[in-house]
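My questions all concern the structure below.
Every chain is named by a letter (A, B, C, D, E and F) in the order it is written, and numbering of its residues begins at 1.
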Amino acid sequence: MDNLLSDGFGLMILGMGFVYVFLIVLIFATTFMSKMINQYFPAPAPVQAKKPSSANAQASSRQTVDPTIAAAIAAAIHQHRQR
Amino acid sequence: MDNLLSDGFGLMILGMGFVYVFLIVLIFATTFMSKMINQYFPAPAPVQAKKPSSANAQASSRQTVDPTIAAAIAAAIHQHRQR
Amino acid sequence: MDNLLSDGFGLMILGMGFVYVFLIVLIFATTFMSKMINQYFPAPAPVQAKKPSSANAQASSRQTVDPTIAAAIAAAIHQHRQR
Amino acid sequence: MEHKLINLYHDTGIYQLQLGQLVMIAVGLLLIYLAIKKGFEPLLLLPIGVGAILVNIPGAGFMAAPVYDAAGHMVSPGGLQYYIYHGGIETGLFPLMIFMGVGAMTDFGPMLANPKTLLLGAAAQFGIFATVIGAVLLGAAGIMDFTLADAAAIGIIGGADGPTAIFVASRLAPDLLGAIAVAAYSYMALVPLIQPPIMRALTSVEERSIKMEQLRPVSKTEKIVFPIVVLLLVAMFLPSAAPLLGMFCFGNLMRECGVVDRLSDTAQNALINIVTIFLGLGVGSKLSSEAFLNVETLGILSLGLVAFSIGTAAGVLMAKMLNKFSATPINPLIGAAGVSAVPMAARVANKVGLEANKQNFLLMHAMGPNVAGVIGSAVAAGVMLSYVGG
Amino acid sequence: MEHKLINLYHDTGIYQLQLGQLVMIAVGLLLIYLAIKKGFEPLLLLPIGVGAILVNIPGAGFMAAPVYDAAGHMVSPGGLQYYIYHGGIETGLFPLMIFMGVGAMTDFGPMLANPKTLLLGAAAQFGIFATVIGAVLLGAAGIMDFTLADAAAIGIIGGADGPTAIFVASRLAPDLLGAIAVAAYSYMALVPLIQPPIMRALTSVEERSIKMEQLRPVSKTEKIVFPIVVLLLVAMFLPSAAPLLGMFCFGNLMRECGVVDRLSDTAQNALINIVTIFLGLGVGSKLSSEAFLNVETLGILSLGLVAFSIGTAAGVLMAKMLNKFSATPINPLIGAAGVSAVPMAARVANKVGLEANKQNFLLMHAMGPNVAGVIGSAVAAGVMLSYVGG
Amino acid sequence: MEHKLINLYHDTGIYQLQLGQLVMIAVGLLLIYLAIKKGFEPLLLLPIGVGAILVNIPGAGFMAAPVYDAAGHMVSPGGLQYYIYHGGIETGLFPLMIFMGVGAMTDFGPMLANPKTLLLGAAAQFGIFATVIGAVLLGAAGIMDFTLADAAAIGIIGGADGPTAIFVASRLAPDLLGAIAVAAYSYMALVPLIQPPIMRALTSVEERSIKMEQLRPVSKTEKIVFPIVVLLLVAMFLPSAAPLLGMFCFGNLMRECGVVDRLSDTAQNALINIVTIFLGLGVGSKLSSEAFLNVETLGILSLGLVAFSIGTAAGVLMAKMLNKFSATPINPLIGAAGVSAVPMAARVANKVGLEANKQNFLLMHAMGPNVAGVIGSAVAAGVMLSYVGG
């Protein structure tokens, strides 16, 4: 029983320690990686806008797509899927 | 041989009996379910038109989609699939 | 060792021989097949244009699809996929 | 090297081919022809036909079992159809996945609008049990070598439902699986030829002209709760039908609930398509000459036709009877749709109805008994598995 | 025949049903209700609910093992859930495929723009280990029968990541898998209810109103190299986390590299959907009455709630501390997103932030700690597997 | 607890890593780099590269076999790549499914319009058998440790067809599978660099400028019947090629028949994508340091290059000869497309043709020998399996 308790605390200390160590190492690695890439392989243009999260993509497409076309497309896709 | 025959008739009687009993119970259960739902959780608006069978969906979309747009869509989907 | 070598040459001769025999037989079979089909089951209209290679399909669809519609479609497909 | 050349010759199909294999390859070609040219249920019969050819290529080893040494390492791998058949069909996994997809493609709306049509789905299952008796008689008379399990598996052809037939046959009569599956899908494709004469013979023009009242709208909630109700009734009354109907209801629940559309979409498309390809190849693997080229196959094909005819007749007669007792008119033609064969049988009912009255659109009304027939034959399958197995 | 009728009656659910099974069917119905009506993670909880019903149907044999004779031929096939559970969950294959798909759906851009947020993803894992201590205390006090492996598996609920929880539980505590998965997904669905009070209690209105600087653009190259960096660090430091994080990084690399879009698309759609359906049915198979209806389940559900709460608090407190030392302002609310529960927790942070300041859009800022939390809990899972297993 | 800390340290990659594993992880990174940055067949080389990294992570257990106790219960699960390799590659299932998908993506129209081009697809297979001799010589000279089976498997690299190479290697030389697959896909990617110098060296500008007559239209019926003809010829003459060509023809029949478009679509998309992901990870599992880091790999890589070069030359020379005897002019460049490597080699022929004559579009003409090369190498594979195995 004592053994179980001490094992549990061991797991907690080791676990949290390891999680922190790993993620701190990852912070340094990531920062270093970004610095190297942006220095030696700079992007021609930032692409952040290019891969929006799906929520954004849906929002933006909703704004730019004409509703009738969108309806037509949805129907066509449906039709296509049903084949 | 007689055994096989009597087993066969047994299966027929039991089988048809059970099918009828089950589906009659299902008629009552379904009717009761529909009554309960329409009484206590009435639908804001009927949705039958919303989920048409696939045959209908194809027919209706064929009528409403402009053929050029439909062709464009089909091509785009094809293109998209080929990626 | 000699055995390995002679086995290798045997495989080469048999292999190339068989490949040629098989494909020559296939040439005759194909030619015969095409002749029979075009004689007894002539196509109402040639379909070669109907099933273009994917490269062609992409090229042709690029030419015929209005860019705004194409963008709309791409967005719609993206949206559809994200569901 | 001459030795090797002779080996290569001995490996060829020409050297090894037996007459039975040649005939079965021709059967495979016939199935492919029917699928492509005649439109006989091509989604299944095309892969089955190809599978029949592949399994009968002498020396190709499509059904070869893998060989392992004593330490468990593979000495020689098994054939493609060996893995497909033993992994997906013998276990029942493929028919159940297909049934889930079919559930996700089924709209119970027309049936919920008119639950009485469930009775038509029950009546049409008489084809199943009449066929069992036919098979038992052939067996008892010593004409063919059918056990009760065989007879039950043959009867299920009358259920007019492919995955149900394959599932039952894989459990009760694996040796007959190929013939049963081919018969089931072939007759489903022949429904437009088999049913109309029977329907016309049993009804008058007046009966065929009966117009039915428009179906009431069915709420989304009803459609969601219905598969759960079916599942619970199955759990209570017929657990042996739970694999088939459980997966069917699961698929339908995914379709109707509206919150897992991406799962429903995959169940209806990518997943069911993948499984259909392999199911077909696996069923084709049972079309070996030993299993197919015998008098039993003739019996199965004849009995299957009888099953469809009796099922159609029973459905029509039940609908005539219902029409007498019902407050709202019922066109007897929709009874024929109770055999299932979704949606072909419902379209046939619609077409025969239009012949009698050009303004009479029965399609939606026939969809009710049509999907009821799926439930009905799954229930019948459950009874058979319980009766024969228990 | 009477004998057969009695057999059929003995086969029915009504005859065989035990109280525990009835209760578990009710639990399955509850999960389905929560999934459909309340929107509780329906993609998983709906299949789990159906799976729970199916496995508790008496006599349906969904978990029956196949029986082979001495020659290796199948005497009776296994049940659907038997094959799913032993083929996909016990082996770990399904959670790993899901994790690959999740990787293909994850955008590390916001995290790469602000790597400090990884610390928030670390802090929030304190919920995991605090829960381990809770479970160990319950076990040590003799109140519940938890081993260290059980405690570790229960703790992982605090990781707020479904596939990680299932993967760890399948390895450390298969008997608790059902309860752990249900708890993990339920609390993930409850994040919008659990987190806000804790977030408000630990922060002032001024802190919640802190505006953060716009994130720098992240280049495509950074996004491509990042999963490789993570994979190599995992290989060096924590191989026991390599299955989970390796597949996660593989999925993310397919997404970002831009040359295998068709694979990425399939990993995000057809494949993850297929696996999700089967994962759900397989997890549901562990919701048997023996495994679920006991006091340990109550412990698991309570501890899971504690885990989420402590994780949320630890994330917020860490963010408050970071804000003190950081050159650029950090809104403490985004710390709560470190528990993962992607993207729900990030949306909650955004919503609570908008309450305090209508111009304060935290969504993108919260996505950083949110995806960091996925890595954090996979690392924690690796430590546990190494510590408990080794 | 110190004990546990030491355990954790002993579990790390840093502690366990051997030089060979480090080198193989670097090889994996190189493959990923070539796939992403150089566009080397990324659909396969990216998953293979990731698979190579994963399998070489010390202690991660991606190739660990599952352990069962005496009663058949799982004690510890196997690794992901163990299941993939033994389930999908050792059995041959994955290459066959890929081949089905490739069949569904192949248009035989250009070849049917000009069946003579089948001879070019035959000639280019000389690369395969010349390489066998090369490998046999290296083996007979004692320089490398190659058996006849090894030599045959290495030769198939010259077939320029990934799934065929993997299928043959998995049967004849599983230990060399990793190196063979990597060589096959790498050289397929390098076709635009390897082929043009050889093509220019063996042809004059006039020959390269030859314009070919427009191809006749091919009817739908011809396209449908062709795969059936191939399948029957294979059944008659070379059953050992039936698994590969049978699945290929099945896929092509699904594509052309027009009645199973949903199956064809799935075979070309969801199914082939899913299998490609797993095939790549499984092939990567054979990139262990023991199997890869030896002089045989160098031999395989060199011989593969030789195979491609000889195949290209043989195709061009055959086309020159055909041109002499043919009524209609044949541009010798299209002979190079006979190695297969679809559609890269056809594009290369087109490009080199355009250099010589800006109005000369050879793409469609080169597609004929290109797809003929796929049949040719599958036939060669069948001969090898029969000759070496029999």
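Some observations on this one:
By definition in this document, a contact is a pair of C-beta atoms (placed from the backbone, for glycine too) under 8 Å apart; a residue touches a chain by one contact, two chains touch by 3 or more.
By chain, UniProt protein names: A, B, C = Probable oxaloacetate decarboxylase gamma chain; D, E, F = Oxaloacetate decarboxylase beta chain.
In this text, all values refer to a predicted model and were calculated from it rather than measured experimentally.
When every chain is reduced to the mean of its CA atoms, the largest separation from chain A belongs to D.
Using mean Cα coordinates as chain centres, the one most removed from chain B is F.
Chain pair A-E has a twin interface among C-F, B-E or C-D; that twin, with over half of the contact pairs alike by residue number, is C-F.
Distance between chain centres (mean CA atoms), chain B to chain D: 16 Å. Chain B and chain C have centres, each the mean of its CA atoms, that are 39 Å apart. Rounded to a whole number, the gap between the C-alpha centres of chain A and chain D is 45 angstrom.
Shared interface positions of chain B, defined as residues touching 2 or more other chains, are 10, 14, 18, 54, 69, 73, 77. For chain D, residues touching at least two other chains, in rising order: 4, 8, 237-238, 262, 265, 269-270, 383, 387.
The touching residues of chain E, when paired with chain D in their complex, are 4, 7-8, 11-14, 16-17, 25, 29, 32, 35-36, 39, 42-43, 46-47, 50, 53-54, 57-62, 66, 74, 77-80, 83, 269-270, 273-274, 276-277, 281.
Those residues of chain F whose C-beta lies close enough to touch chain C in the complex are 105, 107, 109, 112-113, 115-116, 118-119, 121-122, 125-126, 128-130, 132-133, 135-137, 139-140, 142, 147-148, 151-152, 215, 217-223, 225-226, 229-230, 233, 237-238, 256, 343, 363, 367, 372, 375-376, 379-380, 383-384, 387-388.
Those residues of chain F that touch chain D in the complex are listed here as 86, 90-93, 96, 100, 170-171, 224, 228, 231-232, 234-240, 242-243, 246-247, 249-250, 253-254, 257-260, 262-263, 265-267, 269-271, 383, 386-387, 390. By the touch criterion stated above, chain A contacts chain F in their complex at residues 6, 9-10, 13-14, 18, 83.
By the touch criterion given at the top, residues 1-2, 4-5, 7-12, 14-16, 18-27, 29-31, 33-34, 37-38, 41-43, 46-51, 53-55 of chain A touch chain E in their complex.
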